[in-house]
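Shared chain: subunit A. Partners: subunit B in the first complex, subunit C in the second.
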Partner chain A sequence: MSELFDQFVVEVQELLETAGAALLALERDPADRASVDELFRAFHTLKGASALFDMAPFTLLVHAGEDTLSLLRDGRRAMTPELADRLFRALDQCARWVAALEEAGALPADAAAAAETLVRGMAGGETTTDAAASAGEADAFPWVAALTDTERAAVGEGALTAIDYTPDPECFFTGDDPLALFRRVPDLRLLRVEPTEPLPPLAEMDPYRCLLRFRALSGAGVEAVTPAFRSVPDQVRIGSVALAPMLAPSAAPPGSLAAAMLDEQARILDLPGNAAERDSRRAAAARAVAAILTALGRATERAAVEAACTDAHTLRRFLADGPAEKPAVAEPRPATAAPRRVLRVEPERMDALMALVGELSVVKGQLGPLVRRAGDGEMARDLKSFEARLDGLVGDLRHAALRLRLLPLARVFDPLPRLVRDTARRLDKTVELVLEGAETEADKDILDVLGEPLLHLVRNALDHGIEAPERRAATGKPPAGTLRVRAFQDKGGVVVEVSDDGAGIDPAAMRRAAVAKGLLEPDAAAALSDDDAVRLVFAPGFSTADSVSDLSGRGVGMDAVRAAVERAGGRVEIASTPGSGTRVRLSLPLTLSITRVVVVEAAGSLYGIPVALVGGVQRVPRAEIRGVKRAESVVLRDRVVPLVRLRRLLGQPGDERVREADCVVLAELGDGPVAVAVDDVGERADVVLRPMTGVLRSLSGYAGTAVLGDGRLILVLDLRELL
Partner chain B sequence: MSGTNAGGPRILVVDDAVTVRAFSRRVLEADGFVVDEAVNGIEGLERAMATPPDLVIVDVNMRKMDGYTMLRVLRRDPGLRDVPAIMISTESKDSDREQALLAGANWYIVKPPRPEMLVEAARLLTGRPPDREDAP
Partner chain C sequence: MPIRYDADLARFEAACTVEDALPLAEWLEATAAPRVDLSACTDLHTALLQLLMAARPVVTAGPEDAFLGRVIPLPPTGP
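So, the complex of A and B:
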């Protein structure tokens, strides 16, 4: 059942997310009927799906949630923040349980107790248990219809009370003795004990867990039977049943499912309704009866069956008299058809495929130089067209393989509404969260990278960005702050922006703080542009908050955000306007498997710089480079940018050649652009980055090695570390 | 039976819970049925009209169109009005069973169904012997 369980886990996670979102919406607008319905349906589906597995506390809890929502839906109960808290807690509990099930294969030992507490909380003092609700009404005990002849003979006829009791697996620890309970049932006529799941091999069996289900029939009434199960109302269903009337043996064995079904068809014929309804019901019942008779080896003329399907009495008599015998149509057992299914692939296999695709791109790249070497002959032309086709195919393959791994950003957006709700409630702020572009797709690796930083940014915005309602009102802003999280695709990568309409970051305060912390000399701080001053939030150990709140120390978190994003080959930008808000933009590649680099040359060796970090490449005339002591700088796009020479960074001798101009790569790092002077700039290439191994691992400043299309080896630079 | 094809009787499972659909599919396919799926009543009707099934198994509570509505519409369609239908629900009350039959169901099963019960019901309503040993 593990595959089914995997599917269940995925479904539960989705349902919990749906429920969480609906609950948020409902809390905001208690009159929102669509959300109540959505929430109810989610709980209802959770109940149905969980009942397929041995996880009674889970089922009990979501059942209680469903009941609560049903009251809410009918207007018999009102939505309050407290009730929302309780429902949220129930959802959280379910999420934890699913995690536990996934990991340990079983609910934690305290699950039943936890469920009970939560259920009581939701009921708000009322005690409606499953048994009380269903006792006296429940009669659909399907197994009753499928009793064997012997059992049927033993229990007799007439009104009986059915008992369906699945003890909690931990019942031996709570002092319940399932069998002893049945000894207290009056007029017990049948007791069936069945395993709830296939029993494990004896050696693996845990004798302290109860894996049994008890089914019983009693001749006494429901009210006489119920007291015996007073201690386990959540694990038992009790209801009265009337056994289907015996049918003549010619139609179906009495007590069999077939007999019960045939009788049901008879009942259907007598159901009320208009002529059209009764007509179509009759047609369906006739076809059902014909099918059942065929299944029983008593294929009957369809016309005869249809003629008999006028009312319940006629059909019953037809069935009892036995239809005209006819050789049964032998139906060959059909071969199992090929099932259509969704493929689940282990991540390692995906990674292996991606690595192969990467290698293939690299090997394909080596064909280019070969083709050029082949000259102009006929063979060269053929080679060229062959290369073009291969090029297209490899591109398509790479695209297809990439797509397999793409997932919508909804995955990382989903926790945000709840986070914002809880955080805002704690801070006494009112915040409207706007999510845009949740359908934007990115590689699973990238989503994993994005998750944490995104939570950080959102917490930061709530904690430090958006002001308290009074303060907002005083500055003429609407009391509710707006937090916008927007994702979109850009230049073959994915961009996520987190913006708030809060207080913004004051550059002057940033400068003062930098000086006070000894990070900058006063004149250096004063020389910083406003943008650069704001960018100080990304500096390690920097925090503008006077006291670090429990939610986030802004500077510390921002440094972690930048580090995580840059490790993944992405970059972080920040823009802030004091008084009106802050926007942080994370740009990430679409995937981690293939890195796009700009190839540069320094001192005769080739290096790669991730394209995501490159803001531009240009030639800068020597005359424009200003030198102050050993430091150099250049004015690019109206800004003074420090200039560093890659040769010097790498400890190589300086370039002795006399040159008019320098090749400069503008590296966009979190704390401002840096111009990196190189000997030459080559092509852009997609490479599979291999981490440094062996003795090379101790070298800092390199992200890894890669092989270019023509087979040449390059070192990919980790500029952040180098600078 | 009409509609029987080389792949075995075709069953349309209509349920918005992927787990329940997967469960039904697993159980029924293991018994040689061809299983088609739909996530709500509208999709269920579309599927049924595209390829008439030999049996539909339909959940009650679904978004867009619930099981009752789907059965009522199915019973009005000239080509599908006699397709046997099982309604499957978490509710075990008499009134729920009654409502299912009124909407047009031929049989009612309380969730979660026992696999052998589901298979036996499906076999009966598609005209296959309840047990392999009994097969002629």
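So, the complex of A and C:
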């Protein structure tokens, strides 16, 4: 659909989120004026924005919401959980409609009926009857609030007279010419002629039936306008409206980078020089200004920009006032309402940029050896300092390119308050949600991975973790449970923790359940440590049945959570204390496009192991490695960990050298830790992982190839597949 | 007749009234790529405006009349 519509969708989504947050705050504290105001503003803006498009049920619904809130604001109605439910339902409906509009371009067929039901719901329990009277006169002309910028500029500001004229469809037969009436309106500032319904194809159209609607604004008073419509008093509404002065359409917010860049262009135009130099500067400045304006969402006629770039003064005025005069032929285009807040870039372009940055690092890495070959002379010194500078720049570039994809975790946190509220209400529990670290940033791909598992964990914690108030009271806990969702950055990755102060998981019950489900033999289950028993919730096939939740286990789909997180190169950990709560920790890499690996050596080749899997690296004396036939194990951090040798895994000959200690990488895989013995452990490096292609694709055990900063190629291992 | 039809081009002249609605509708329907010239039009009946809005013909020249010029929400001149 049109750009205007796209913008509408983005705006509505933001408004719905704002409204949802304000509603939550308001429900918690019904006396919170700021939230009522914010909620009211959101509904009001939604109403105005929706009036631009053909979506009457939407407008009707938000209008009703606005009315309800206006009663609330005036203290004529009280906030109740039931009313909050209804308002939430209205917001949800709006969100669904917007999704439908985006997808199908039209509201669903049942929209009008749905709106009606919701509107009745909100009106229910209304105590006062003067709701209609409370609607101000400005509300009688909602379209006035939704004029496009171009129209606003044309009508001016202050007190105006609005005319809303919907002629009788049969009016042509009585000799009326609705359009002609507007010729008699004094100081006509705006006249919009719109079909009241989509016009039918010409063949089915009755040329003598009027299907148009007229909306106009005049600078004259109501009494001066009314006489023009004396013949059609029943079809016209005339009233005065006040238009707030329009914000100065400054090209870019002052102090922003764009503003500084625009100012710089003006400065360049004033530089001294001969005619040819000035001409080329003018062309360059015009290109720059046009590009900056387009990026700001203010695409402007090329000719107008070029005309403005004659000297600094003209350019500054052009930027402040807009084009001096509109080209006569151009139709007034629907101006974009506000500078776009986000710049949308296709992911492919980002990937291309990342790939280029990767190549650049590789090429830069080859400079080192060259510099060393240059010896010690003056030239070599210069080369060295040049290399250092290049090094820094490439590093910064890489960092900047990486950051382009980062978004705050607030995106995945946003749905949580609502989820907690609804679920807690359904379960009759009282739960305080504490969100921390919403500003933590992670790659967009990671956020996409994180969203679903997080909802799952929160739902589980509410369902199975936090107890009902009576039970909490009986164990001496405060009746309201606390659910804490905390995000922070760690080891080059992002960590999200979901912890509750609920009943926790009973390891004994987990062991019994595992045996009952036939997942473990009784003696194997008995041998499990408590921590490992709790970790059983992640085992596939463990947690789908109801019996698990009866055992106070948390369960539904925890293996799905684990699978999703591990697919993205992350890790899930769980810790639980029976009686006092459970904590689930998701660790994910910062980005999917750059993987942090530990470089290890085996049989003379380099390999990478994703850092997310690495729990530690250490030297283990040979004597501490216990071997039973070919199976070896080692005790690390009080755990018996199976030990595998990378050479053997890769089918390489064993290490003949006699060594006193082995280098061991402790890999934390989903079903327990594994110690991987390697020849040597090198640096940690950020690499762009490239999947195996062509004939190599069928090779299992490798996640892909990557090039190190110095140009050496490594194979990145997929330990899960390899073991 | 205030509207003169010339193959695929209709010239609107002086005050065009509701009487022109039916012939205009038929012409718009029958013409594959209709074009209209409104330059000499001084008054346009609502019924005609409505037909133009529905058929969206190419406007080779907009009305010189100031009031009509700002009212007519028609697509700009074709390529």
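We adopt the following convention: the second predicted complex is superposed on the first by the 417 of 723 C-alpha atoms of A that agree within 3 Å, B and C clash if a C-alpha of one lies under 4 Å from a C-alpha of the other, contacts with A are read in each partner's own complex, and residues count from 1 in each chain.
The rule we apply is simple: a residue touches a chain if its C-beta (ideal position, glycine included) is under 8 Å from a C-beta of that chain, and two chains touch if they have at least 3 such contacts.
These numbers were taken from a predicted model, which means no experiment stands behind them.
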For A:Arg281, is the partner it touches subunit B (first), subunit C (second), both, or none of the two (neither)?
first
I'd like to know which partner A:Ala51 touches here: subunit B for first, subunit C for second, both or neither.
first
Once chain A of both complexes is superposed, is A:Leu404 in touch with subunit B (first), subunit C (second), both, or neither?
neither
Applying the touch criterion given at the start, work out whether A:Ala109 contacts subunit B, subunit C, both or neither, answering first, second, both or neither.
neither
Of subunit B and subunit C, the partner touching more residues of subunit A is B
Scan A:Cys210 for contacts with subunit B and subunit C and give back first, second, both or neither.
second
Touched partner set for A:Ala631, first subunit B, second subunit C, both or neither
neither
Across the two complexes, find the residues of subunit A that touch subunit B and also touch subunit C.
330-331
Subunit C contacts subunit A in the complex at 18, 21-22, 24-25, 28-29, 43-47, 49-51, 53-55, 67, 70-71, 73, 75-77
In the complex of these two chains, what residues of subunit B are touching subunit A?
1, 4, 6-9, 16-20, 22-23, 25-26, 29-30, 32, 34-35, 59, 61-63, 72, 75-76, 81-85, 90, 92-97, 101-102, 104, 106-114, 117, 120-121, 123-130, 132, 134-136
The answer for subunit A against subunit C in the complex is residues 167, 172, 176-180, 182-183, 191-193, 195, 199-203, 205, 207-208, 210-212, 329-331
Can you tell me which positions in subunit A touch subunit B when the two form their complex?
3-4, 7-8, 10-11, 37-38, 41, 44-45, 47-49, 51-52, 134, 137-143, 146, 237, 239, 256-258, 261, 264-265, 267-268, 271-273, 276-277, 280-281, 283-288, 290-292, 294-297, 299, 328, 330-331, 333-337, 339
